[in-house]
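The following blocks contain the structures, represented as structure tokens.
Consider the two complexes below, in which subunit A is the common component and subunit B and subunit C are the respective partners.
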Partner chain A sequence: MISLAGRDILQAWGKFVFTGVGLGLLIGVTLSMAGIYRGMIDDAKVLLDNSSADLWVVQKDTLGPYAEPSSIYQDTWRGIRGMPGVARTANVTYLTMQVRQGERDVRAMIAGITAGEPGTPGWPPYLVAGRQITRSHYEAVADIASGFELGDRLQIRRNHYTVVGLTRRMVSSGGDPMIFIPLKDAQEAQFLKDNDAILQSRRRTEANPAFNKPGSPDLLGAVIDSQTTNTYVNAVLVQIEDGYSHDDVAESIRRWKRLTVYTRAQMEEILVGKLIATSAKQIGMFLVILSMVSAAIVAFIIYTLTLGKIREIAVLKLIGTRNRTIAGMILQQAIALGVIGFVVGKIVATLFMAPIFPKYVLLEPLDSIFGFIAVVLICVLSSVIAIYAALKVDPAEAIG
Partner chain B sequence: MKHLPIQGRTLALLVVIVPLLALFVYVGLRSGPLAPVAITVMTVESRAITPALFGIGTVEARYTYKIGPTFAGRVKNLEVHVGDQVTAGQVLGEMDPVDLDDRLRSQQAAFRGAQAALREAQTRQTYAQTQVGRYKRLFAAGSTSDETLNTKQQELAIAAASLSAAHENLARIRSDQEALVTQQKNLQLIAPHDGVVASRDTEPGTTVVAGQAVLELIDPESVWVNVRFDQISAAGLAKDLPARIVLRSRSGQTLSGGVLRVELKADAVTEEMLAKVIFDELPQPLPPLGELAEVTVDLPALPFAPTISNAAIRRDGNSVGVWQIVDEELRLTPVTLGVTDLDGSVQVRNGIKEGDQIVLYSEQALTSRSRIEVVERIPGVSK
Partner chain C sequence: MSEKGIRIGGLSKRYGKGDTAVDALKHVDMHVAPGEVVGLTGPSGSGKSTLLKCLGAVISPTAGRMTLGDQVIFDDGWKVKDLRALRRDKIGYVFQAPYLIPFLDVTDNVALLPMLRGVPNGEARAKALELLTALDVQHRARAMPSKLSGGEQQRVAIARGLVNQPPVILADEPTAALDSPRAMAVIKILNEMAHKFQTAIIVVTHDEKIIPTFKRIYHIRDGVTHEETGEGRGFE
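Right after this comes the complex of A and B.
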């Protein structure tokens, strides 16, 4: 049996393939958009994965440490460590800021990690180069997305840090690369004011007669010292011993320590459901619009292709070809076009769009399969109009 | 030959479609979850490591002398300024005596008055003594009454008591006077030790309270670094270990020193251990007190043992391990870690042995089912 569709495609395959490639670019953009949406959610999830925590203990009634500011005393972990079911605890601070290196600066999330050995909660779980931090001050492990290299000297506030290790895919929920530094330095970076501000604050304290009494000369020094100390962290990361329920341990910390505790599921809900909700919806909306536009364009292309062959279809009808055959031809062509478009789209999205896009683009295979089904469905639906037009054609047009 | 044009077209179409499909398959397999994870491997080697401890501290003086008055008063003058070398016993300044001189003159007058009172009491006592002698003789001759003799004896006893009271009073006033003289000397601010003036906290004319420091002297020979080590990484910190000191203002210069002592009291709030590190040779010019210093304390070298990089360590649940490559398969081998040095080398007590192949870096978190691809360098990392 002769395939009418195949014959027709071979007749002008260049035009057909190029149409398919054009459609592919459009599908590529749509797939990338889905990838961006997945990437945003993945950014939020890797942030939680990389902290390797089971529970996040934060300031009471806050959504910290990622979605809201939270500060708790740095010795809170001691009480939590003693609770039943707690295997490991670690203080952590997070601060998003511009990190300077020479002339340029990079927006990054600074994570302050407790001293200890690799594997402590909060530490980067794997590296792509260099080593983990060994000194308790002035060393940094940076994400490769920040553009920093091993041995670079970074400036965070007033101190300089040497990059000793590089990570990959360690990003904040906003997609900013993370830079890990020792906790004590990070506390200083987060809470210590700049030198001018400290000087101003000292002057103000000196000018306040309540603090600068002639009768008690040591009071001023004590007040100034107390102003510049900092004993806060943003959260305590908790790992739970095997055999204990995360919810039970969380509940007992909530009850007895009067702090807010989030489990992994709750944290994901905060990050995905609250922190990136608006931008995710925005991307989702774009995805929907783009899909609709793609569908309309596919329908338009197939309709135009069919109208271009209207004379040949009239001849086919004239020689008594059955309607089914004609409809089949158009349908097969539409699906072939869709398949070429999808293949090109997938390649374009993976090889060209994902690597150059500034944000992380996660192309999931399942999304691709759904995308393929959607493309084929859209093509089938779009061909309906074309089939309708082809069937309505008057065989007399072949000669008229 | 009739079919050739069609075959030609088919061929051309295949030329376009087949590479496209091949590319598609490649893309499908090389990206996303199906793609192999790029890893680099390292061979566990046995070597000796020299662990070290890293801490930061501030430059401080072991001997600081805070010099000030022992009672509230006004500073009259100060002879020295910050940076001046002083010797032990040197007068550095003086407090305003206010009414002290007047009180001293008053005490001197009182002293002279007491001396006069003493002379008066002595005269009275001598007279009473004479009278008692006279009346004794008269009584023996029977020319006076017993009562009169008794009266005279009583007068003598009173005069003797008055004399001793006058003695005591004189002694009291002398002591009072001496106390004032001591106080007057105490108005001088005197250097207790050779040293350098580190700060001059008040200026002449300022009223200070008792015990408030007016000047601060330090002994420059006694400059040391008060270093803080995180408790979690301070194992092995001990007296007499060699140390390398880098001052913040001289970051290119490493000074040698040693641990003088490890404090018995740690900082409970900051979870740090404290130690005092002294310079082998005092840097000149002297670093300012309070300057930040980075201190590296070298611990004794350890014997040979299997050593890995700390970048290879992974945690899985409650165990620490490394991804070992056995017959091309990934296996998370639990290890017991030993000592780490500052370059990130960790000795492994048990779990793996020399010559084992383990994963050093990986592109993403690994699982035992991950497809791996061993590379020289993880993509994206520059040389």
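Right after this comes the complex of A and C.
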């Protein structure tokens, strides 16, 4: 027996290829959407991995520092440092903002990292170029996704920074490239008011007789100092000594310091389950819509192709072709269309979408396999109407 | 009595029910022996197609009996189980429009029928080529149907009707689209094939050119047949 479906496709290959390419573009977008979701999860994991922290200590009852604002006193780390099982601690601040360089500005997540040696929690674990920050002010390490280069001068708030090192794949969970600067600078940037605001605040403080007592001239200076310096950080990153249970250390910090502490697993849960959840739902919706559009296209094309063959189908039935053979012919064509579409879609996603998309697109082989199965299933379901129409054809139609 | 060929007796077909019912066939009797080519004529709407559909096991008659060789096909509302297999194995069809499968080449259009019966591809194609040669279209064996002339298409369609060597061939206006010499050639082929394979052939036609070639003609009017014995000029 010969393949009726195959012969028909060979005869009308133009129609199949064009439809397949159109379907392929849709499938390419669908695969890319899945890749964007995977990329977001991967970004979140990389963010957590690269912070080289085992625990995140944040303001009590917050989901900080990534999903919610968190603010804890900058000296909190000292108390945590002394607790059993704690190897290292480091303050960290994060703020997302526009970073200016000359004419252009880039949205970035600024990470304020404590002075120390490489390996300190919060530090970028490896650089692709340049060196780590060595001075306590006005140096920056930027991710290459920001477009900055070594030696570039960036402006964050009022201060200028020189890029001394470059990282790769260091992005926030929102996909913004990270820029590391010294903690003190970051604290200042986070709480910095503009000049007028500082002057006004100073004037109000001076006018307050409680602060400006004639007998104690130092008081006013101290109050103004405390108003303009930021003594808070967003989180304390903790590394745990080998041999200690992360959960146990987290629990004792919770109990003794009355702070909220997250382990790596909990932090991942927060990022993936809460921060990315809305985007994931949007992507899920798009996947559903794209699947339905693809199904409609396949159904329409296969139905049209089948209607164009009603006479031949009547003849095939008259000469004794089984319904199964005729249904198989239509089904195989639908699947062939799906396979062409999938191959085109995979190529589009891999070669065109992923490289140019402004977000990290992670195309997982397993997603491709699921995608392929879904495409085939959709094609099978879409051919049902056409098969129904073909089976209804009366062989008597072949005789006048 | 051992029956040969195709025989119908008291065959009736009613379309629809109640007031709108149409009696397309009324107690039709007919017999075509193996090796015989008979004509079937009648005005439009007289029931030719309906009769052909019953003979072709495409629709079931309302009443009456039809036998093919020793096998009973229809008997007063009863019918054999698998009409599809019967059509595949026992009946060949040749239509006015050849209705070739456009995506199969000439050889495979013919070879498809034995293939549907499970004959291996190579064997089926060899058989097809043999018939195409007999019908003098072997030079177009690898062409697609759309590239053939009307006469060539009709000959391929005849090859398709004959390839399984069915005991019965039904031809519906097989010469309507052909000029006189080609029409006569087709009738000649049908007669030769009937003789060679002992096939019972029924040809529905309006074609004045070929009517005189039939030894026997069934004339149908308002669902009733009258047998006429013509002065067949003979092609044996």
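Note that in this section the second predicted complex is superposed on the first by the 393 of 400 C-alpha atoms of A that agree within 3 Å, B and C clash if a C-alpha of one lies under 4 Å from a C-alpha of the other, contacts with A are read in each partner's own complex, and residues count from 1 in each chain.
Simple rule for what comes next: contacts are C-beta pairs under 8 Å (C-beta built on N, C-alpha and C of every residue); 3 or more make two chains touch, one makes a residue touch a chain.
Bear in mind that the values here come from a model prediction, so they are computed numbers and not experimental data.
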item	value
Partner chain in contact with A:399 - subunit B first, subunit C second, else both or neither	second
Contacts of A:273 with subunit B and subunit C, given as first, second, both or neither	neither
Subunit B versus subunit C as contact partner of A:318, first or second or both or neither	second
Subunit A: partner with more touched residues, subunit B or subunit C	B
Partner chain(s) touched by A:10 [first = subunit B, second = subunit C, both, neither]	both
First (subunit B), second (subunit C), both or neither touched by A:221	neither
Common ground on subunit A, meaning residues reached by subunit C in one complex and by subunit B in the other	10
Residues on subunit C engaged by subunit A in the complex (per definition of touch)	49, 52-53, 56, 58-59, 84-89, 93, 95-96, 99, 101-104, 108, 112-113, 115-116, 118, 121, 144, 160, 170, 172-173
Sites on subunit A touched by subunit C in the complex	1-2, 4, 7-8, 10-12, 311-312, 315-322, 325, 394-396, 398-400
Complex contacts: residues of subunit A adjacent to subunit B	9-10, 13, 17, 49, 52, 75, 87, 114-120, 125-132, 134-138, 144, 149, 164-166, 168-169, 184, 214-217, 231, 239, 241-242, 340, 343-344, 346-347, 350-351, 354, 363-365, 368
Subunit B to subunit A touching residues, read off their complex	6, 9-10, 12-13, 16-17, 20-21, 23-24, 27-28, 31-34, 54-56, 207-209, 212, 229-230, 232-233, 269-270, 294, 309-311, 313-315, 317-318, 320, 337, 340-344, 361-366, 377-378, 380-382
